[in-house]
């Protein structure tokens, strides 16, 4: 829409789109308002002219990519900046999300939360419901963990990020969590994507172990039908190499930048499975242009309930943040 | 348990296991009854002797693999034979599951159903709810499709196989379907696995695009906590090769045979994405020792709503079945 | 060229091609003679008409694929049949190449050779110069091994297949070997390909661990500039799955059939690294339409110098050949 | 050996090793001298004590990894620093190797060489003999290209890096080149590795498209039997992702650091195949701890004979070097 086009004009365009048998979806940004016309428009070339003539319409752009709402054309090449719990995620900041793999106790969580807050973290992550490869492995503290995280937010002011596995827990997450994480193994669980999108909350969507960049963006489209606040997360892909648990695909960051307006962060902890690699890979993520990190920190990794070998110690986290911030700073970014 | 150990003895063993802080799970087979003791038993070597002394206990076996209920040790190396809707799936049969990628109409479905039944198919497959990479693609006819499939079963006597995406549709599937299919993209959707297992129905579990054989068997463990009727399905993995849509991993069939008692079938249609490859790959699946096939058949593939290029034509299906049955016959298998 | 076009007409066409700044390569087959015009012909559409008018020219076909001489258009869709040491390799036979991973001694080699010959093998394979991942591993008996293989041929009448690593050994191979094998790790060693092609002998070219089908056919083009007798060999590709050493890509057989006129065989021994999988995979290779097998057989695999776990025992080889021949027989093939 | 152990003592140790049926290989470094005992020492535990007692021996260390000479234990965890043509490659520098994919003409090469020298490059790279997937593609200017590079060295003082494909060209490379490059497709061409190692010159060894880190180090062992000056190069691996030409495996840099004393550089040009990704990936390589880059630069990439889309323009190279140097500088490295 043209700058200054009022809500009546926007509504009229949306109505006309519906009248043409398509679905209209309106996104109101700071600099621009966009009305997407979703549906099968192949061969209907006359639509462009028809919509272009409506009052208030600045331009009509066709998106021929397999993904639509997440494509960079959907915002006319303007990167999206999100504001979550007082933190800004976007092209001029670096968002440091840190915390334990899984919430183990009130004391442990508070200790870690205060530690990472003092070191400059932007948000607190912590697992409550854990997706485990085997049904016989520890599955997380559940509701109790979310309540602990909620208290930790009150103490530190850090917004909370936690993974949702089952939509029946939606209310619990609405009450206690600021950002819903969708795990790699659920990236193509379309039922869950649709339902989480409908919650209208900020979401971190992790790339599936063998998902292409195109598939990641199509999965984001499921979410974007309900929420505008989607953050993508590269966390390593499956390859033949076994020296690291997964292969962190840092090329995906600039490749995504060419294709999408959404922020992209990196999880070096799950990618490598080895804390000695987390520092170098986190620095590389900052240098390659990521908008932030999702990193596991534990007060005593050797005693962690899960994924101990990949968690940073809180004692080392301050120096870690400094080094990463220096790399991010070279591109003009400051910690969110 | 010893042959002839009555249900009272079995119950007593289960109770003792519970008394030791473990979870007992009882499987009653034709030749043997097995009581699994699930939980953290590392370092508790005294348990073996304690359980071995209980009346009716024949042997105590520790399963050190990451998967338990699906492991071949869980049945003392006896392959499982399933009976579903009058069809036998196991080591002496070859189960030919055929039908359209997606149910498009009543007429189309009936025509295909009669065609594949006449050609010797064992079950009818058909998509009702389709998992689609993009939210803007055709998502299937839903409930109506299941009702049509149900009618097709009445006409042909073929049990019905269809994919369940959302547990809120459980009742619908209980009413209309004989075997629930879990798609590759949901293989590690543990919430769904647990819920479908609880339905107690037969399940076809497809291997994830980048799931290892070990992960497939651990996913089966989720199901096996609720149902004993699980069929595994190899359908191609993600590799660097782009000449075929996926790389069908036929080595997985004998590799699974060494590790699990569960039946294993093969889906050559999704693996290749090209009907010209379906015949050769189906013959290879029969020769490599698979227990059956899941294959897409359409009356007019050029007009199919989805995946047209990979669907066999009904006109070619009779000859196809003959060729496959000949290969399966060399190993003493007859069509289920 | 038209059937009946004499060598003078063929030579005239080749000369005209050279006159146009291209390289001419003539292939004289049983049913047809083909003159390839190699070079940059993009944008020179007038060439087709010019060549089509020459006396004796039947048709001019442009091959737009990245591979040329190996493409199925290069022989007008006629599959190539090779005759090597009295054995026929092509669409109506199944070529069983068997023998030890590496030649260890005269006695062992003779024993295995007589065993596999009696069981119906078509050719004898044996390693003389071994490509080893580590420079500190056993590298083969070298020249002595080739002399032993040569004697084994005299005893059994089986043509000999062995791998050449270094072109300085060309004379040795010319004297003692019937088919030169190029290993997977040398598939893109273009210097070696060119030099081996120039030897004009039959060649088995193994697919590289991460080579696409297109790259395999382009590698074959290097050989085909010097020899017409090229056999392709699928031997497993690198994927994330670690349950088998490599992932045997049997889809490649029908995919190659659509693209090339060259015979294709399968090596199930290196692909799986486990003799228990060799039988099933060999049967699958026969069923999927391969033209033969390259399989490792040893008189006492537990004592083998290398790759013991994947070698079949000579005692089991007779039954193995029978089972494979039955699957190949269903497609009308007899043992070569 | 102990610091100060003279050459006589070293020679005596080597002789004793030979007397024990093993191969001795001596490496004289700045801080230490090491004598490797190569051969099958499994089960010969008495060797350790026997060698430890020889005069001048400080310690005896067993290396149980599959690679030996390249393992970090081989230098007692001291990283190797190389000096090539006045440039230092090692832990305190960052080695920027830049130049055209292929040498096209004298003028072009001189222009690029002066440009990259002015911008701060450490060495000049240029292709003379090109390994091409198809035999019908441009194969490089050959000898003429090497002579041009040699002249460019005289003009700029930059050492020359170029790929050797065929050992018959060894003399040509000795005359004109400072560092021999071994391409990814030849990483497991063991004949070539052995021969190039014997030349005793500095070598850049590129990782194969599907080579594991362990295999790369075993390939380096082939070279290290002849030369001590080996640089490893990560250049992208084959995965399922097609948005980039290969997947640059930056995790390999810290993973290699844990395993080897050899310097490791990164080639972001071939990995991505897209110059827009080269800048971000080069920054990431510097941040992750690489010892340098191998990057393609052309005066007019749109007109390049090969790989145009991935080559940086000389006009952009100065800014590129500044940004990369800033990231490398955060870890205390200066341009070599």
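The first chain written gets the first letter, and so on, giving A, B, C and D; residue counts start at 1 in each chain.
The rule is short, and it goes like this: a residue touches a chain if its C-beta (ideal position, glycine included) is under 8 Å from a C-beta of that chain, and two chains touch if they have at least 3 such contacts.
Bear in mind that the values here come from a model prediction, so they are computed numbers and not experimental data.
Asker: Hey, which chain ends up farthest from chain B, C-alpha centres compared?
Answerer: Between chain B and every other chain, the largest centroid distance is to D.
Asker: Roughly how far is chain B from chain C, going centre to centre by Cα mean, in whole Å?
Answerer: So the centroids are 38 Å from each other.
Asker: Find the geometric centre of each of chain A and chain C from their Cα atoms only, then give the gap between the two centres in Å, rounded to an integer.
Answerer: That gives a centre separation of 50 Å.
Asker: Counting only residues that touch at least 2 other chains, which ones in chain D make the list?
Answerer: 210, 238-240, 242 - these are the residues of chain D that touch more than one other chain.
Asker: Quick one: do these chains touch in a line, a ring, a star, all-to-all (complete), or other?
Answerer: complete
Asker: Please give the residue numbers of chain C that touch chain B in the complex, ascending.
Answerer: Chain C residues touching chain B: 210, 212-214, 237, 239-244, 247-255, 258, 271-272, 276-277, 280-281, 283-289, 323, 326-327, 330.
Asker: Across the complex, what residues on chain C touch chain A?
Answerer: Those residues of chain C that touch chain A are 210, 238-240, 242.
Asker: Can you tell me which positions in chain C touch chain D when the two form their complex?
Answerer: Of all residues in chain C, those touching chain D are 38-39, 66-68, 131-136, 165-166, 185-186, 188-192, 194, 208-210, 215, 218-219, 221-222, 225, 237-238.
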